[in-house]
Structures are given as C-alpha cells and as structure tokens.
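Next come two complexes, and both contain subunit A; in the first it sits with subunit B, in the second with subunit C.
== the complex of A and B ==
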C-alpha cells in the first residue's frame, strides 16, 4: 500500500498543493521561487482577457457538448436497441473512432476542415458542385461546435454502449404493460425507457461537463491560438510551460481545480447510491 | 428481412407493429440511418489509410477521390525506413509496457489494501484518492515537472552521474504516473469488494503473505477487471504525449510516436512534408485499432460494465 500512496502523493497530491503554494509567489522559471505576492497572480489572470475569454469559451464548449455530445449517444442507443439487422456490425463500426488516438483523430480533422478549396470536405462539396466553406473560421462562432462535433465523433460510440447495456436490462414486462394500456410509441419511450436509464443520464451528464474542461490539443491543432475557441488548459499550458510563468499557471490551475472539485463532488453524490449497492 | 423482424418481441416496438406498411418504411429508414452513421464513423480513418498510398498532390486536391490510383506497399516500407519509424514504435511499446505493469501493480495493490486488508486510516486514503478522480493531469504539469527535475538532480548528485543521460531513465516517471490513477483504482476496488471475504481468510490461515495473496489469489480471480484496466492503460499510454514530450526534450531519440506527432502539429516552425505527417498519423493509429480488433468483444462489454468511458 505504501508505494502506491507515495505514487499518488508524488504525482497528484503534492503537485496540486504546490499549485496552491506557487500561486501566491512570483515564479518565472523552473528552478527558483521568488517573493510572496499574495493574490496578485489571481488578480492578474482575471484581468487577462485571454483567460476570461477561455472561461467564457468553456461555457460555450459545455453548452454545445450538452446539445450534441450528450444527447446523440442517448438517441443512438435507443434507436440501435430497436434494430435487429446488422446490429453487431453497427455497434463495432460506431465504437472504432474511440480507438483512434485523440491527437491522430484531430490531425485527420485538420485536413478535413481545411478552408481552402483542396480541403477534404470542400473537395467533396466541389464534387457535388457546391461552393467551398471556411468551416472553422467563419462565422467566428462555428469553431466550438465543430470541435465538439469531432469530440462527439470519437466518444459517442463508447457512451452509446453504456446506455445500450442499461437498455438491455429493461424487463420487457413494462413495455407489454404499457402496450396493453394503449400507450403510444412516444409514451413508451418517455414512461418506460427514460426512467430506466435515468441514473446513467445523471452520471454521464456530469462526466460530459468534466470532459469538456479537458479540451486542449483539439483547439490547439485545429484553430491554433484563435480566441474564439481557445480553451482553459490551452492557456494554462502556454502560460506555465511555454512562457514559464509558473506562478500564473499555478493560479489558473487552482481556479480550474476548484471548479472541477465542485463538479466531482456533484458526480460522487449522484453515483453514491449506486456504489453502495455494489459493496 | 421479414424473418428476423417476425421474432422481434422486445423493446419499444415489437413484430406486430411492423405489420403496418408505414412502420416497415420507418424501420428501413432506421437501417439506412445507421448505415450512414457507420460510414461517418469509419470514413476518417479509411481516408487516412487510403491517402497514404496517394501522391501528395492527390491527397489534397480540388476534386475528391477516395481511392488511390494504385496500392503500392513498397512506398510505405520506404517511408517507414526513411523516417525510422521503428525507433518511435520501440519507444512507444516500451512506454506502454512499463505503464501496464505500474498501472496494474500499484493501483491494484492500493485497492487490495483498502478493500481487503483495511489498515487503520484506509478511509482517509480512499477519500483522498477518489477526490482527484476528475482532475486532469495537465493542471499539475508544471509543479510535477519541477518535482521530477529536483528528484533527478538529487539522484544525479547521489550517483555522481547525470541521470538524464542514462538511456530511458526519463521513462521512470512516465511509467510510474500510471500507478497513480484514481479511475483504475476505483475499478479495481469495486471489483475486489465484490469477491467473497472467506477466500482471503482461508488463504491467510494457510499462511499466505500479502504479496502472495495479491499475485496468486486476487489477480487471477479478477481477470475480467484486470483486462479492462489493461486495455484502458494501453490505450491511454499509447495516446499520451504531454509529459512524454517534456521528459524527452533532451533525448529526442527516446520520443514515442505520439510525441513526434504532437510536435509536428504544435510546433509551427517544423518543416515536415505532408507525406511524413500522414504516415505518422497512420502508424500511430494502427496499433490501437489492431488492439481493438483483437479484443473487440471484451472491450464492448468492459465499457458497459465499468459504466464510464476512458
């Protein structure tokens, strides 16, 4: 047990605490710790327009991912559960993107979303005689939903499997009863299907929100430093590692950690009942 | 088609619903819908694979053509040699192998102690681990990197030699970081807690020590969850690039393939040809896809049972 605890301490707990400690000092390189500056770093990052912009972008990422990334797997699962032909084939096909490493997938999208005429999507449009589109750059708000779409492409299949497993535990008796009572197809979904997957919906909702906080290399590779899609971790990495402004990066880390702690707490409260049942 | 629908008696719709022609059309639309979704899922990797046979001006051209003019595998081989991908693969495999050992050993041992041994204060440790479940590693990156630097400097003065220059010494933290993963820990813990307690008591009466209990009894009994954690770890370690890129700044020969890929796109100064980029993406995609193909069934069921995605 001791070696494992030491690993957690070295790799997770100590760095987290160091972040808090560093955030009150003036550190601009990787070897020396400067003067105590109180809350100056926090004041500085909240006056930094790119950081506040990244906070606002995160809100947008969350909203779009709830609209696209959160609902799509649910719909896919409910529909696929009704399919009897090629079901295994569809399941496999939809799960493949999850095994394409994130950076590799994003690198492919770089070529798909090229705004020039020779971008993959634009050349497909040209084959159908359609005009080219600038995809990620115009209108300026289009970058975030498109990035969320690439995330959904990768993650939807795996999330769908979680719902699908839950759907298969529904006892058919309930559907029969609803049918005898004369419930329409829509009512059957609302009254039988939805309550059965409600626990999953709650869990995956929080997980989806937390996952969005971790967006980093996707905007970095697709839109570089564009302020319309820059993410919190992107700024944090640039500040702490590339610019070596360790203390400012630490302050940002503390802000993001606090937000995530609150969300984790909510997540654990949502799943506690389930875990107890398993113990 | 009629055949299988005729026995469908579960779900929101059953066979009797499909007697109406309108529902038959709806069902056909559903199949078409999933065909389209499947094509969208497979298309980007398929494009990548086929593009690596094309000449660069055909990959990005004004008119889209999916299929290459010829399937010439010798070209791929020559590119493989030219950019010495073998070296990057070796580094990546080394990274994954070490991560795998650390992940199963350390997370497993911790879960064993909090779910079976339960020493004094185990609840505090458990809570501290779980509270970091959702903190991305990235937030810690600069303080962690600073800690590693100071540990390496201390070790250097102890051994009287610069440890950064020792071959693959910088991989140690890259492996060990997988031994501190709250999510894998939770997966192990939930599974271990479900095993019958009487077994461990019997083993203890027989005089087994903790290490024997863990390696000879617990791990063999927990193969399903060990497989799940193994697959997740392999996938994560293969895709990892951030800490590896920092740790291999000095010894660029030790870079895994994902770091090569990341620096090609993150470093705007990099002079890289389109062909080299595409090949790097393709070579980085192949191993996880092969892994997926081999363990497809296991992966599908593991994702469902663990109730979370990685």
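== the complex of A and C ==
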C-alpha cells in the first residue's frame, strides 16, 4: 500500500500542488521562483483573447461531442444487440479504428479534409462536378464538429463494446414481459434497456467530458493553431512549453482542473438526486 | 523487498553522481549540440575528423557530440533537467526569451579574450546583446526574400530560357526584371499564375504562399507592413514611450492586400492555416509559384521534395508604397546563432569557442579554418545540396575575402537568378521589431487567419482589435 501511495503522491499530488503554487508566482524557469503575484497570472490569461477563444472552442468541442459522440455508441450497441448473424464481424469492424494509433488515424483525416482539389472529399465532389469545399476553414460552419467526427470515428467502437457488454447481461425475460404488456420498441428501450445501462451512461458521460476537454493532437494536426478550432490544451502546451511562460501555463492548468472539477461535481450531484428520486 | 529498494537507491545515486561529472581530472568535456545526427554519415565523419584534430591540438578538452535540433517543444525540458549541450544552435527570434528565462549565459569575456567581439556583424551582434552583454555568436544570417518556382513561371509563359543555356532567365535581354519588383506587380503576377494554371492546365496552383500559423504569419507580415510604409512598433519622442502600431494605415493596406489576394485574385492556397514547413511542401510539389522565404532555407524544397535547383530563383522583397506614393523596400534580417548553456563553465565556453575554428565557424582565417570551410562545402556538394552564398556572420575584411573566395568555387546555382537579392540586401536589411516580437507575431497570425477564412472580414477592425490587445498586454510593459 505504502509504495503505491508514495508513487501516487510523487507523480500526481506533488506536481498538482506545485502547479497551483507556480500559478501564484512570477517564475523565470522551473528552478527560479520569483515574486508572489497573487492572481496576476489568472488575470493575464483571461485578458488574452487566444485563451478565451480556446476556452469557448473547448466548450464547443464538448457540446458537439455529446451530440455526435455520446449517443452514437449507444445506438450502435442497441442495433448490434439486435443483430443475429455476423455479430462478431460487425463488432470487430466497428472497433478497428480504435486499434489505429491516434496520430496515424488523424493523419488519414488530414487527407480527407484537405481544402485543395486533391483532398479525398474534394476529389469525390469533383467527380460529381461540384465545387471544392474548404472543409476545415469554411466561414459558413465550424471545423469543430468535423474534428469531433474524427474523434467519434476512432473512439465510438470501444465505447460501444462497453454498452454492448452491459446490454447482453439484461435477461431476455424483461423484454418478453414488456412485449406481452404491449410495449413498443421505443418503450422497451426506455423502460428496460436504459435503466440497465444507466450506470454506464453516467460513467462514460463524465469520462467523455474529461477526455474531450483535453482534446489536443487532433486539432493540432488537422488545423494547426487555427483560432477557430484551437483547444485549451493546445494553448496550455504552447504557453507552458513552447513559450516557456511557466506561471501562465500553470494558471491555465489550474483553470482547466477547476472547470473539470465543477462539471464533474454538478453532474454527480444531478445524477445522485435522480438516483434518490428513483429509490 | 528492502534489498531491492536499497539496490535501486544505490544505482540511482551512482548514476546521478556519474551524470554530474562535467569534467574529470584536467580534461574538460564540451558537448556540442549542433553535431550532425547519425543518419548523416558524411557529416558525422567530417565532425569526427574535426574532433580528432581539435583534441590533438587541445588535449585539455574532450569534445562530445550531442545532436540536438533546437525546438521550442523540447528545449525547456532539456534545460531544466541539466541536459542542454554546452553549445547549441537556435533561431534569432529566441535569444531574448532564452536570456530572460536564464537558460543561456553571457560569453562576453571569452569573446574579448579571443578578439572576436569587434569582428562580429554589427546587426547580428545587436540581436545577441542584452544589457551590454553578448550571449552568443552567429553561425550565419538570413534575409527574407521572394522564392520563385521557375517551372511554373515557364509554364504560364512569364519567363523562358532566353540565352539558351538550359536555365530559365528572370531578366529580359536588356536586363530588366521579369519577376515582380513591387507589391502591385506581385499581386498581378500571383493572380495571373493562378488563373493560367487553372484555365490552361486545370491545376490548382497558388500564385503566392502566405503563412498564418506558428507565428510565421506575423513574422512575414511585419516585412509587408514595412514595405507599405510603417513599422509595427513606434517610439514616441515626446513621451519617450514605445507603442504598438499594428493598426497603421500601412499595416491595414498590407492586410487588405492579403485579403484581396485571397478573395479577389484567388491566388492563395485553399488552406488558410499554414506554417513554415508548408511553403516548401507547396513549392516543392508545384502547388505554388512564389513564397516569402529566408535565404537560409532555399535548400528545403530540394532536400525534402527533390525540386530541381535550376528551377529556383530568389529575388528581393518587392517594394511597396505609402498613401502618398513614397516607395519603401525593406528586408527582414535575422539568422542562426550559437548559444551557450547557463550551466556551462568558463572552460567549457572557451573549449566550445575554440572548436568553432576547427569547423570553420569562427572569424579566424587560419589554414585550419580554411580547410574546414572547404571540407564543409565538398560534403554539401557531394550530397547534391543547393549551395548559395551565405550572409556572413563576421565582418573582418580578411575573413570576408577568404569565405567569398571559397564560396565562389562551390556555389552551384545559376547566380544571375539570385544576385539581385544579395545586392538589395546590402541597402534594405532591417531587424525584427524590438519588443515582444513573438507575441506580436502570434496576435497577427490570428488576424491573418481571420482574413483568409472570412470573406466578410474587416482588416481595419481586426487590426484595431489586435493593436489594443498587443498594447494592453505587452507594449505597456515596455514603458514601465
């Protein structure tokens, strides 16, 4: 027990607390701690339009991921649960993108979304005599849902498997009873399936929000540092590592952690009251 | 369990103690960060030969190659963990940051001792001097110029091989430039090329590459604004204060020029978020005809995309004019400096500087230095690299005479297609804006991206907002 506690403290708690400490000081480099500056670093980052833009972009990433990426694995799991033949084949096929290394998977999408006429999607459009589209830089829509689409393509299969595993534990008797009672397909999903997978939904919801909040290499590869899709973690990395602004980077890290903490807290409180209501 | 823990602690302790040893007995270890990586076997062999010669002449030093390509992604980690080489290469945009963060050290006394201080190019020395202390030496310099892909110019009929020597010429029979020499001509040429390549060949080719990400957009934009007539930072002689000048009429006209190239002329790449590695991708793959490029990077489309070097021309930044019609032509000037780890000792600094003579990167004109320069050129030649005249780091007449004589023997490009750039540089070179240049470039990147993405963008409004941000967050600090 003690070694694991020590390791956990060394690799998690010490850096975390040190980061909070750094955010209140003027730090030249990691070994030279300057004056205590109070909330100056926090004020500075919120006055930086790039940071506020990245914060708004990240909120959009989360909203789009809940819209696109959260429901799709559930739908896929329900559909796959109904499949009688070739279930293994479909299960494997849907999960294959998850085996592709993240950078390589995103690199594939770079070629799909190229704005030039040699982009995969633009080549397809050209075959139908249609004009090319600046997919990731269109003034008419945001690149964020397209980036979320690539995240979903890669991750949906694995999430689906978790739902599917839970669905397969539901005793068929409940569905039979529901049918006898005259429940429609939608009612069976709402009254039998959803309660069974509710705990999974709750866990995966929080995990997804946390994961998407930390979206980094996908926008970095697809749109570099485009202001329309730059994420909070990209800005944090740029500030702390590339620009060597340790104090401001630390302040950004604290803000990200606090936001995640608040989101998790609100969600858990909401679902707890719901569970109590059900009891 | 206790034994394992004890063993681990002992191993850790011994490794730590071993790693701390910079020098043993009378031999000083000097780690060289610009050592070539192992895959460049010819270069490694050359450096090993230089190392042997140096150590034979200076047995008090042990030269150790530690290949490190400067990167903002890796630098802080190396520096903070004490793993930075004694000497490393960086960019001229970095010294201010590295000095202020305490990662590099002052080498003034060593330069005085060697008699090198007054031999350094004045502009480059100014870039490396902070509080009257010099923190590095220059490897060489660069000026920003206009890179021409002559294959595309020939395809659209703007240039041809006039004197039948197998190389496309950039001047006519009377010696008049066929390349764009003003911002208006550049606009028209870029527009014409894109239209012709689309209508005649059915290919999407950008007339000009404009960068807009990783601070490269702002970096290039500063030169455009200068050529439209104004600096991006101004000094008020009444209040003795520096101020941001991102929303000057010159800057607005420069941004409008980019906007028009994108939306009126349709002469820019479809992708609006481009970094420095993108220009040579576009040029090297015949997807663009022109790009603003540093003179030290001309080789990149050749080494990365096998571009035929005979299709390269490199010409001065086009001149622009202000609203009154006054003409301006400036060339952004910078280079590659060698800088020295803050943890390096005086002995290590001296060893690294003395080693410079053996690799032909010092102002010394000894036989050793001359032979090293010749060796460097022959290796570059054997690798098929594009060899162009360098912008010299040192200014002593004997050094310049020696280097120019050697370079004249090895330059392997058609110099008439390059000479105008070098001639113009002498009178037009201009250093980067003095304060928070990187932060300013980043803010300008965002402005350029918005102009390249949104057809309804208002250049004046965007630059007004950018000016307020830059003044409030950064320039106000300068005057404190």
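Here is the rule we go by: the second predicted complex is superposed on the first by the 245 of 279 C-alpha atoms of A that agree within 3 Å, B and C clash if a C-alpha of one lies under 4 Å from a C-alpha of the other, contacts with A are read in each partner's own complex, and residues count from 1 in each chain.
What we mean here is this: a residue touches a chain if its C-beta (ideal position, glycine included) is under 8 Å from a C-beta of that chain, and two chains touch if they have at least 3 such contacts.
Quick caveat: nothing in here was measured; it's all calculated off a predicted structure.
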Is A:172 in contact with subunit B, with subunit C, with both, or with neither (first, second, both, neither)? first
Check the residue A:25 against both partner chains and state whether it touches subunit B (first), subunit C (second), both, or neither. neither
Comparing the two partners subunit B and subunit C, which touches a greater set of residues in subunit A: B
Please work out whether A:205 is in contact with subunit B alone, subunit C alone, both, or neither, and reply first, second, both or neither. neither
Between subunit B (first) and subunit C (second), which, if any, makes contact with A:46: first, second, both or neither? neither
Name the contact category of A:85: first (subunit B only), second (subunit C only), both, or neither. first
Classify the contacts of A:76 with the two partner chains as first (subunit B alone), second (subunit C alone), both, or neither. first
Quick check on the superposed pair: does A:117 touch subunit B, subunit C, both, or neither? Answer first, second, both or neither. both
Let me test your reading of the model: by the given contact rule, A:134 touches which partner, first (subunit B), second (subunit C), both or neither? second
Footprint overlap on subunit A, comparing subunit B with subunit C: 30-31, 114, 117-118, 224, 241
The subunit A residues in contact with subunit C across the complex are 28-32, 44, 47-50, 114-118, 132, 134, 137-139, 223-228, 241-244
Considering only the defined contacts, which subunit C positions touch subunit A in the complex? 72-73, 75-77, 79-80, 97, 100-103, 204, 213-214, 269-275, 287, 438, 442, 445-446, 449-450, 452-456, 465, 469, 472-473
Given the complex with subunit A, which residues does subunit B contribute to the contact? 1, 4-5, 8-14, 17, 27, 30-31, 33-34, 37-38, 40-42, 44-45, 47-48, 59-64, 106-107, 109-110, 112-114, 117, 119, 125, 128-136, 138-147, 149, 173, 176-177, 179-180, 182, 190, 193-194, 235, 238-239, 241-242, 246, 258, 261-262, 265-266, 268, 277, 281, 284-285, 288-289, 291-292, 296, 299-300, 303-305, 307-310
Quick one: in the complex, what on subunit A touches subunit B? 1, 3-5, 7-8, 10-16, 18-19, 22, 30-31, 76, 78-86, 89-105, 107-112, 114, 117-120, 123-124, 126-127, 153, 155, 157-159, 161-162, 164-165, 172, 175, 179, 185, 188-189, 192-193, 200, 203, 207, 210, 213-214, 216-217, 220-221, 224, 233, 236-237, 240-241, 246, 249-250, 253, 256-257, 260-261, 263-264, 267-268, 275, 278-279
